[in-house]
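Next, two complexes with chain A in common: one pairs it with chain B, the other with chain C.
Our next item is the complex of A and B:
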């Protein structure tokens, strides 16, 4: 069951419409090719799309001299209302965060099944990146080290140490990133299954006392048990705000599996008032998006951490408002 | 969330032909590692961010290790990796990050930061060596030791 959701997350894509910023094009360019559409994997990153964009768009609209002079390290993307796209955020997060902000007054989700998801329009600039807002140059090395850093943070949150990640051989660590670069599910999960948690079928049920995890994370004979982690790596994104991050244990004090509803009502009580009667019903208009879907509020966060996390181990929850 | 931005400090390194750099320092709580972390930006006189190899060689740093032992990349500085104590250690162990580029947790700006993953252990080690156990005010003592450790790597002005 976990593999099914991991496959779904891996295969998830979002539509992006890329337009060249008018100021970026030399006057000798062909301006008939207006927009390049791409269906981008959610777990991938913008710099990994650059070769495709270059080949199918830039090289076609520019003459040879202009195309040869282009420096990919100066490229940067922004939304139509000026939001600079971060290199190190997974594309799925960029899309969800953008959509909940851009459509704050309407529902994120199409009302009829025949309506396709709206593409996120990005303006591509080829020069003068805003160096205070963007991590410097989207080189593959920087991106890889940022990905590894996020993965280790997730590892640390779960187990209180980064041992699972750091004890991977360098070839295995490289294998994780190569799996993302090549978009190869099997190669990625061959290594990731050693570090990601599993929702163990023998996890404590409602009302029973959970086994105490040992300091190194192994406990009760189960390793990588999703319900034995110290904290599930979750970040909450409100529109135009820094990410909210805290400790989110998968079990409540009484051993009951913590749900999304529990987490949201304790951390954002004004948006998500608590109480059993408000599970799945939100009268205040706030809604959540994870991997492009609106999960039920009684989804268990331990399970989310194992099944719906991004490739870097983080469950990114975007919060929006309906009118 | 404790955040203590310092005033921008001016440093000059004669080896960089009198280049003046502007450094802005922040101490920010890391929600993942649950310790304070040291974040900073460094820019030249035109306001452009300083490349990492220049940053690490500036007078902002006085490192306990020779520069030659560090892996200085475009956006990270790594300490040499140590072989694990597994029965079959990797002959090419992965390096540990010392200095990395990242997003400031509240401003979202691009900053350098000292990786906080080893902070807790380092502070604990020094605290454990104290003659008498501290009971009251241990948080302040913890922070003092944190500054001692930071001061081993970063030039901290005394005032």
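Our next item is the complex of A and C:
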């Protein structure tokens, strides 16, 4: 079951419409090519799309001299309402965080299955990057080390040390990143399965009864049990504010498996007053998006950490407001 | 550095810690500076000090290590 969800997360894509910012274009440009569309993997990063965008858009729009003068390290992407797209956030997170801020739930989850997901429109600027907001350059070396750092931070949260990540051989660490760069599921998970937790065999799959919890935490030094981790790497994203991060243990004090509803009602009680007892979240003003879907509030966070985390190990929960 | 303990407002991003450290050390913007939490990992510069403190504090302090070369893998 867990491999199914990992495959679904890996295969998840988002539609992006890229337009060149008019101010970035020299006057000699051919402006007939207005928009370039990409269906981008959720677990990928914007810098990895740059070669494709350059080849299929910039090099066609600009004359040879202008195209040769373009420096990719000066590129940056902006949403139509002025949000700067961070190089080091996974594309799926950029999409979810933008869409829940810009649109109500009715737009994010179309009622008709024939309605395609709306593309996120990004303006591509070729000069004057706002370095204070981007915080990083789009260089692949920077991106790789940022990805490894995020993976280690997740490792530290789960197990109290980065031993699982640092004990990977150099070739294995490189293999993780190459798996993302080349979008190769098997190569990535061959290594990542050594660091990611696994839901234990008796843990519930969707729709079954939760098993008797085992809260003693014994063997936490060697186990990969998703419910034995110290804390699940989860970030909560509210519109237009910094992410919220805290220790989110998969078991509550009484040994019961903590759910997403428990977590939200204890950390954001004004938005999620009911917690577990009120499954009908339509009654409330807020909705949540994880990897592009609205997960049930009784989803256990230990399971989420093992099954719906991104390639860097983090579960990104975007919170939007219903109209 | 003049001292080893500092106070910082929790809502600051970690980027503010990096900038403060550069100033305190008298390092130029071009000098490489690597920062780590608990000698283990580099936090994202847009993460807040509050988040890092809640998750990684040791006995009431957030331990930040710095180096001019990459360390800890």
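FYI, the second predicted complex is superposed on the first by the 293 of 323 C-alpha atoms of A that agree within 3 Å, B and C clash if a C-alpha of one lies under 4 Å from a C-alpha of the other, contacts with A are read in each partner's own complex, and residues count from 1 in each chain.
The rule we apply is simple: a residue touches a chain if its C-beta (ideal position, glycine included) is under 8 Å from a C-beta of that chain, and two chains touch if they have at least 3 such contacts.
Computed from a prediction, not measured in an experiment: that's the story for all the values here.
S.K.: Do chain B and chain C fit side by side on chain A after the overlay, or clash?
M.R.: Clash.
S.K.: Mind working out whether A:55 is in touch with chain B, chain C, both or neither, as first, second, both or neither?
M.R.: Touch status of A:55: no partner.
S.K.: Is A:169 in contact with chain B, with chain C, with both, or with neither (first, second, both, neither)?
M.R.: After superposing on A, A:169 lies in contact with chain B but is clear of chain C.
S.K.: Based on the superposed arrangement, let me know which partner A:157 touches: chain B (first), chain C (second), both, or neither?
M.R.: both
S.K.: Check chain A for residues that touch chain B in one structure and chain C in the other, and list them.
M.R.: Residues common to the chain A contacts of chain C and of chain B are 86, 88, 135-136, 145-146, 149, 152-153, 156-157, 162, 166, 173, 242-243, 245-247, listed in rising order.
S.K.: Quick check: in the complex, which residue numbers of chain A touch chain C?
M.R.: Touch list, chain A to chain C: 86, 88, 135-136, 145-146, 148-150, 152-153, 155-157, 161-162, 165-166, 173, 231, 242-247.
S.K.: Taking the complex as given, what residues does chain B use to touch chain A?
M.R.: Residues of chain B touching chain A: 31-34, 41, 48-49, 73-76, 81, 84, 86, 90, 92-94, 96-97, 100-103, 105-110, 115, 117.
S.K.: State the interface residues of chain C toward chain A in the complex, per the touch definition above.
M.R.: Within the complex, chain C contacts chain A at residues 11, 13, 15, 37-38, 40-48, 51-52, 54-56, 70, 72-73.
S.K.: Quick check on the complex: what are the chain A residues that touch chain B?
M.R.: 86, 88, 131-137, 139, 141-142, 145-146, 149, 152-153, 156-157, 162, 166-170, 173, 242-243, 245-247
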